[in-house]
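The structure appears right after this line, and notes come after that.
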């Protein structure tokens, strides 16, 4: 499906503030960027670099006063995500070198905690190693963790969420990743857009590496949904914050849209 | 200056033909991509990857029949290119590791030929090592090599051009790079757009690494000109062909435009 | 100084166990590998790859039964580590792109916790931003955290250590990194060898990026000490474990040596 | 087989001369470095970096006077190289992104010359696309190009060798690569050691990417021979010179050895 997705951020900047942003999707597996726009008002100098994972990162200094960023992309996406019930676990010695990284614990995915590996063992009891385990984890989170805004903050980890039993897409994702890694299933976080997400917002989900492929899992959804746009991926939210600010500024509004009709004016 | 630059390629494809393209500029030093569009007709699956130099490369199979590619970008560019007469040579032992690569001879820049180093020595006789040498080379080419379409082909090297004394922007660039490298000045090829180029076309120029900075040199121009958009860079044209085809297809038309007014419809 | 450093690990392997190791130092800033040896008994197939940070990682399957790994390197090291009291903070907008990564919180360095930033603020009250802050943090840890084996484990974070007030070199390092990052000083973990460390063991310390340079800080020491061999570096211990095992095996003995006389037989 | 391979270079240095060297093999596919030594006399500061292909490169300034470099490695190698008659060509659209690079023409492998592609077409007439073509090229070179020292120099390309019909291992390799690439078979140069090479010297051969695997081809040999140690690989000799000097120095002697008995003293 051809999607037009974008967001607009409006700020009051109390003092010139360095910003790092990840708001520009790249063409890649399952998505092709037909067009995109990245605007600021007022216009300021921006530099862009590619991080360790290949994500595009923008650096700028938000000027004191009102500041606005608006990005939009028209993207060809896949209508369906791949699923493969029964796909076997890729055992550690067969994992590609660059995938091993996603087995390690990270800031928000402390897969080394005993409480995580114990819960994972309970969830996948009797389930065949591989895809079905990751899916069991996804389904368990969807059933057992309540979705509610305002119940977590930027320091909340997957272990916290397991204890709190409540969170948002970021927390669902961190928990899913933590549980997968504790079973030696490589897992990573994706942030981006999802068509028909309700309520509309920037979204997060996870991918698990099984039988040679990165499969998509979204614990906030009750069934597999395609039409996703990846903006960035990494080990967890520490790697893929859409915005990191280094000074005093306030985001007043953030609007996000994903439309199936690309005729929206760019 | 805010430029709208683009190109449209029209093909007759005799049989399904794999293509590799480099037609998507990236934000980077001196340029910020405000918006861009990359369209094909008919639409076909495309993948994109980043090459060794960080350039974006698109891969697709051109389908049999009529095929059209159209790309356009609105880009904030610098009105002036930096110049620094008198800037000293960075001696080899002080070059950054990743710059050494651009001292080596390459397909179209055989800087190891004696004829190249001899000519370079003549051109820079009495000139201070560094920026002034690169500028002397640029000026010498501009004066001594005649610009004429159809006088060279895809196998022509900088050494050929030194002998022929005629060529196009690609040949001017290869010769400039060859001469610089023979003096231990790292040099690389850039392909992209230049505002007010006459006649308008995709363009090529070179950069030389001097005193810690990559400076722009364009041997086709009589004076320094800014408002350039880099699409790709590499050792020479082998690295940065805007299109590489692996099969039978014919390009019927190629239109290129660079406008200073970004209100052109995307 | 020319150091001969090495270690020997002896295992009882209950079942064939995949291992990832980081036991091969590379030549780099401040160290030159004159010779090295990497032996296993029994000999098994090994592959080696370079991780995201450039560290060399070895992968193998430890065979059931007795297994032994022995590595040794003769390395030219610097007798002194650089120090620069008064060196100013590099402000965020001036940090190189690839250094920004080391400002982010990580598994064992939760620099985003309020308790960390509050403690950091107290420690550096009245201290000039930059080198002196990092040194104040190092000295504070050396004074206020007790060094004791067996008081922490593989899940212990810098925040835990701040609370516990006790730990080993790994914990001292994680706390130092956490505190530095909370002040927008990029910091990373180094594991390796230190001459005359008492008791001798594999060691860990941190580096902070100040005024364009990565400076060495070791909170376990009372004064600056050189003659270090870096084996690996990364965001924290999750990135630079010298050994990660994926199955049942027991390390029986681990011997580590660092000698100033390279005449030790290799 | 466990090989001990090394070389010793002796120089008269007329003036302090920057050197770039590639004399340290890395563990990788088919080879495991058990131990290695890298010595200089007199000892000078050296830095090491990894180039675009992952090769280790050493930089130093050779001091005026007598200078000596001696490197040696004990390496576990494969006794046999893989062969796969009948393996089909990997068509361009199925090549991995990072392999495409090795289809492009390069300094010493002008695969874009018509004389090259015409000769390639003659050599492989009637041969099935893929492994058998690369092997036909290798055999043709072995039969039709005469091996003789002193018949080529550092500017000689594969096209020159096709014309001259004489050369050394480097020239055989460049010609093989040129011919393969002209048939859309990715090919790259390897430099290293070969056990029982006669006369003993640093050696060069090529690899061709066929059916998903890089196969080894050595046009200087009449039959497949294993027990090779790769020191570096790249597009051609411009990428993988074991030594590049930037100033006046003379190599007096170069000794190379490859022994099957690792008991040689390191």
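Lettered A, B, C and D in written order, each chain numbered from 1.
The rule is simple: a contact is a pair of C-beta atoms (placed from the backbone, for glycine too) under 8 Å apart; a residue touches a chain by one contact, two chains touch by 3 or more.
Small disclaimer: the values here were computed from a predicted structure and weren't measured.
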Margin query: Under the document's definition of touching, what chains do chain A and chain B have as common neighbours?
Written below: none
Notebook entry, point to check: Looking at C-alpha means, what's the farthest chain from chain A?
Noted result: D
Next item on the list: Would you mind pulling out the distance in Å between where the CA atoms of chain C average out and where those of chain D do?
Entry: 37
Next item on the list: Report the inter-chain centroid distance for chain B and chain C in whole angstrom, where each centroid is the mean of the CA atoms.
Entry: 44
Item checked: Centre distance in Å when chain A and chain C are each reduced to the mean of their C-alpha atoms -> 30
Notebook entry, point to check: When you check chain C against every other chain, which residues touch at least two of them?
Noted result: 47
Note to self: Run through the chains and report each pair that touches.
What the structure shows: A-B, A-C, B-D, C-D
Check: Which bits of chain B are touching chain A when the two form their complex?
Finding: 26-29, 32-39, 43, 45-48, 50, 54, 56, 58, 76, 266
Next item on the list: Give every residue of chain D touching chain B within the complex, in rising order.
Entry: 18, 20, 47, 49, 51-52, 57, 59, 61, 91-93, 97-98, 100-101, 104-107, 110, 112-114, 154-155, 184, 238-239, 244, 246
